[in-house]
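Questions regarding the structure given below will be posed in turn.
Note that the chains are named A, B, C, D and E in the order they appear, and that numbering of residues resets to 1 at the start of each chain.
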């Protein structure tokens, strides 16, 4: 039996969730929540495994819950799940400050990293990605080899990157865009598949490691979260994407195209059973945490707009559960 | 040298006052048979000498008498060994009291990698033969004295037993065995590494022990056999050729093989 | 039994045709001194017997002669051992050819956990004494025959040497040593586990070897010493008491300690 | 045949050069191997140490501050609860706003960013320890923020362009002013050893992880050593030599090759789901690591038992020792050094492992120092793993610092076993 | 008095029983009767009988306590909750516990009866628990005490119990295997429902990107495990090339050549290598070794990828050196000196003696050490993930990036799991197949050892 809140889930949300947990523990009479970093999927699996003090109360996620997961939850007696959006995470494409800054369009990213791309001769067929250097993709880009260090296919960050950057570029080809209506699966396959011939290097989930590898390898680009860019701005620089630099403000305003929402999910039934959940929600969604100048922003999370925050606040206030999508 | 077909042991292998009796014992190492159908009694208060050419199975036979062969995986035994009329190969028999009653001195000295004192005290300790330290000290001292080693080691009782000379190790092993005070003592060439004086001491010890115990001794020295034993058994290629009173064996052997061995006419 | 103060070896420890000479050798095991100032020559084509009570330092002295004591950490040696007038304890001397020239049979048989064949072939192999298999087979056969073991093992040459009887192991070790064809052979009680016939065979071998080699043999059997050796050295508590021609030692010992030992008046 | 003597000697002599060379080479290989191993150790160690030593210093600012009872809304008789929730943060902000007079809102923010959130907590601790300090002006070394700490320790002498531009021009002016006043300085970092985990690098400590490691390894050692040794003894000495035993033997060897994360899955399935052990506890971690280290201990223990020569067993049997006595009096003591080696290796592995702990909830943010084996906790390797993946630059040196602590832990643990092993070792 | 203090009490009682039994046996034997066993044996038997059943009982109770108390609590819950679904009841019980513990929850009057009942239950079970355990202790103790007679075969009986304990210890190892198989089998089976086992075993493309229908063009969700096993082999092979020679030579040097002083310090120092967290090795491999190899390789005209099997393998080799060195050192040290003497006596050099006499005699132990090291290499994740990358290339070129089975298992399990998709289930299938293949490997190793084993002495 336990007297502290148990939180599991995304490694991306973990750094933010833990700050809140720590402050919550220091400034209330409740015990400090225990936060596990299990990955979004792993967290949801644990979260949906049942109710009662043996199961977690909250799970963090760097993506929205899937309907299959909602079903799993329901099957195990978890009916009311409260979804709380906490903010944004920018995904950046960066290289070392010793090299020239890149300026890319999403189309460039797609053409450089997708497994299959439209035939360069213009016909509406797909071919294996033939490009070896950046200038083959786009003549304005430098003539260096394409080498991008990024997360593996099992990672949520990778999914988000595929969805936001690759698909964004992919859609700019009308015949592929048309595919979306006819064969959604195929469309996704084309837009999300990352090449596997060595140009995209699956470099593990440790973002610090990617940063340091970039320093060691000036021709490589890396894919990782905004907070790491911010902390290592002396070593790496974010590439301009679609004309926008990954800055705090650009991400917050939604101008920077590659950013995703972060969430956490709460078991409504546990409120009132495990002490402190309500207060934790209040702390997390308070202005001093989630606000524009809140401590989460200082830790690298990109805050939502005031309007979005108001919606979240009302969800917390009314404990509105998620309705089936 | 070949196996004697349909061999029957010559002489008087049996004894009316048998302490240990072997009956139709065969021993195999894997496929190789090392002992062929041996039947032999060892009487109470008797010293029996086992002689025979090297590799004829003396040690193997001796080891059957307290089930030491159990420790060799490939070794299989058939037949019976009776100790006070009880078959020691009965599955119910516990080898622990058996081996406490039938002690053994091995051919190659094998002291424990422990101190001299602990080597000797080990048996009494596990069998609880001493109440307290003083009694144990006494046992150790007495055993070492009887084995003729006391003078040489008395001021280094806590030095390791493995740091002794060959002959000292052998005497240490003898001391270790008699410290348990067994009823039967099996000695496999106990004097092979000993000088004449130490040998004489051990022979004296055997004589002394005989009054209470039963002893089987493997030896290559016929003089020694003549000096200490009442009966002598001659083994040949795994078969028990002849058993007779010692003086008879050495003066008028009945079997030609025995005679050939005694007079040194082999090879 | 106590140490003789200011002792000088009685008799004729030196030899005009020395193959091996020990000069003022002291040996220590840690703090304990095991050999006291021993000087002794072993002549070419001579068999010298080392006798003395158990623990007097015979094995220790023998092991100094081919630097086998090097392998015992706590063992320290002072003095000189000259082989063909070269000090073998010179730091420049390589123990490998030294030990190939001065072979050794140990007191406790220590066959390698290998086949009988490999045990004997080991030395010739490492020293490259045989050109090819056939020659090696010959060496193995010859050595085993000379050690009197061939008949017993010829059809199980590839069985492990550790599965032999005690006496067989001892002969195996002798065969292993002579297979290297050393100039000097040190034998530490080579016949202790052997029956008279096998012993006779080894003695014959020693006699035969003497024609070409130099032999030092530790033995507890005075008869054996008398049979095989030309000179006998008597050790006592680490001191070399007397060295004299064998017949003289056994008939008219000069030193009272020797006499006491020979006549069995110790203890 | 008279030439044989000569030829043998010649043959030996002829072979000598080659053999001597082989000997020298062999010896050199040996030496080189040991040297190589040591070199790796030294390289790794210096690498870690060079990154980690700075963690033992922490920057703080000496300040005289008035503990204003009115602002804090406290009085001498205030209860602990009230002190806990008093607004010390505000007090500090007010203090600095007054003394440095920041011009704008954003300058104010910049100023407050220089001070660690831990500073408020320092004041609170101080007041709890000494209630009389209320309404007096005290001199205290306030914790600085991690950015300041990093700058002060590493980049102080660099120009603005060379450093991580997380500190603004204005902030640097303030800091340099404080340095000039000799107020900003670094001191030994006790917090690193007394605190649990924190998301503020300057507050993050390894006390919790050390305690968790101690508890977890205690459980692991208490279970895996006896069980491992017992299993090895059974298999080597008591089990009948048959197909079944062979299967078990192969099985155990095979368990050593099972990826450690699978043991985490197993632990989750058995200990959590069936036995209801709670997640994230040293007890659970210890159980899982026990399963993981068992094969290592069993295998090495068996090898050690095998190496005991049969003559020693025979001697004991011959004296009438029972099988158990032979094993426990002779074989076990002689095999003990080898068993300890296996245990050292197994425990070292357990000490460095994170993957299985992920499955059982020990890869977690736990602030409170665990009291006993059923409190939530993490362990050192997990702490290292988590810190190494934290964005804040200051966690880099904390990671290395924690590794240094883990290594000291390891060396301490090994030293005990090594001393034991040395006393037990003998040749025969 | 809680559970742990109860256990401590039982242990104290157990210690008392030992002395009691021993004294009793002494008294009996002082009456002139010859006892079957030593007084100490009777004492130990008493201790075993006194402690073991009670401890087993306590542990069993401790495991069952939760469910039993929960069950009893349910009856005290308000009727409407009792009638609700199990999840509701579970929640209510959790709440009762937290209310009873006073952790600051708002009190709920409808649950008060249950809360009070819980307090009462806790008190009662504790009394019951300690009562039963202690009386079991005492009863067993008394019974054994009365059994102490000269005819009681205390040693045999004690040894039987000890043997049972030994047996159950090795049983744990077997149960672990069963547990592992059980915990991967179900998911692996699910996986093979979705992916053809033959494709899995013999497929040469591994790409657990979104799983797709096979008939689609551009599909890349393929699960051919061959590249993973090839990668595992490659990396383990590189690691062994470092670890076996270095480890073995270090062991030989330390046990045969080095002075005891050097050995005393060098051996434990090498052992530290095994305990450095793998993250550290990972960083080292990725940031120091891999770039070094890349620069070197590029200078020599090779095409080196920034993540290479070589870097990971080399560093992993360093990590497992102590497995080979320390364990081999122990078994080499256990070879009797007389064997070495025999060889030196024939004029063998040290290295001939070592290679031809000592090593063969120590072979089973050395093979065991090597197998353990291989196992560790196969099971290692972090170094490979950080330095060799995660791309499943089917290649024998150590300069390429490869991945291993274990790494894939871990990334699949800790990445964004999808509990029902083959992407996550593949981890279990990989685990199963890896388990079976190492089984074969171990079988072969065992046969080799049996064939070449040289039993000394």
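By our rule, a residue touches a chain if its C-beta (ideal position, glycine included) is under 8 Å from a C-beta of that chain, and two chains touch if they have at least 3 such contacts.
Just so we're clear, the structure is a prediction, and the values are computed from it rather than from any experiment.
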Co-neighbours of subunit D and subunit A - touch as defined: E
Chain centroid nearest the full-protein CA centroid: E
Chain pair with the higher count of C-beta pairs in contact (C-D, D-E): D-E
Distance from the mean Cα position of subunit C to that of subunit B, given in whole angstrom: 28
Distance from subunit B to subunit A - Cα centre to Cα centre, in angstrom: 83
Separation of mean Cα positions, subunit E and subunit A [Å, integer]: 35
Per-residue multi-chain contacts in subunit B, two or more chains: 94, 96, 108, 126-127
Per-residue multi-chain contacts in subunit D, two or more chains: 12, 19-20, 276, 310-311, 322, 334, 358, 388, 428
Touching two or more other chains - residue numbers and ranges from subunit E: 155, 283, 336-337, 347, 349, 352, 413-414, 455-457
Which chain pairs touch, all of them: A-D, A-E, B-C, B-D, B-E, C-D, C-E, D-E
Subunit E partner contacts - residues on subunit D that touch it in the complex: 12, 19-20, 22-23, 26-27, 29-34, 36-38, 40-41, 44, 47-48, 226-228, 230-231, 233-235, 238-239, 246, 248-263, 265-266, 268-270, 275-276, 291, 294-296, 298-300, 302-304, 306-311, 322-324, 334, 337-338, 341-342, 344-345, 347-349, 351-355, 358-359, 380-381, 384-385, 388, 403, 406-407, 410-411, 414-415, 418, 422, 425, 427-428
For the subunit C and subunit B complex, residues of the former touching the latter: 1, 29, 32, 51-55, 59-60, 107-109, 148, 151-152, 156, 163-168, 171, 188-189, 192-201, 220, 222, 261, 264, 266-267
Of subunit E, residues touching subunit A in the complex: 85-88, 90-91, 93-95, 97-98, 101, 103-106, 108, 207-210, 212-213, 216-220, 282-283, 286-287, 291, 294, 305-307, 385-386, 389-391, 393, 401, 403, 411-420, 423-424
Of subunit B, residues touching subunit D in the complex: 66, 68, 70-71, 73, 94-101, 103-104, 106, 108, 110-113, 122-123, 126-127, 160, 162, 173, 176-177, 180, 182
Interfacial residue positions of subunit C with respect to subunit D in the complex: 94, 96-97, 100-101, 126-129, 180-181, 183, 212
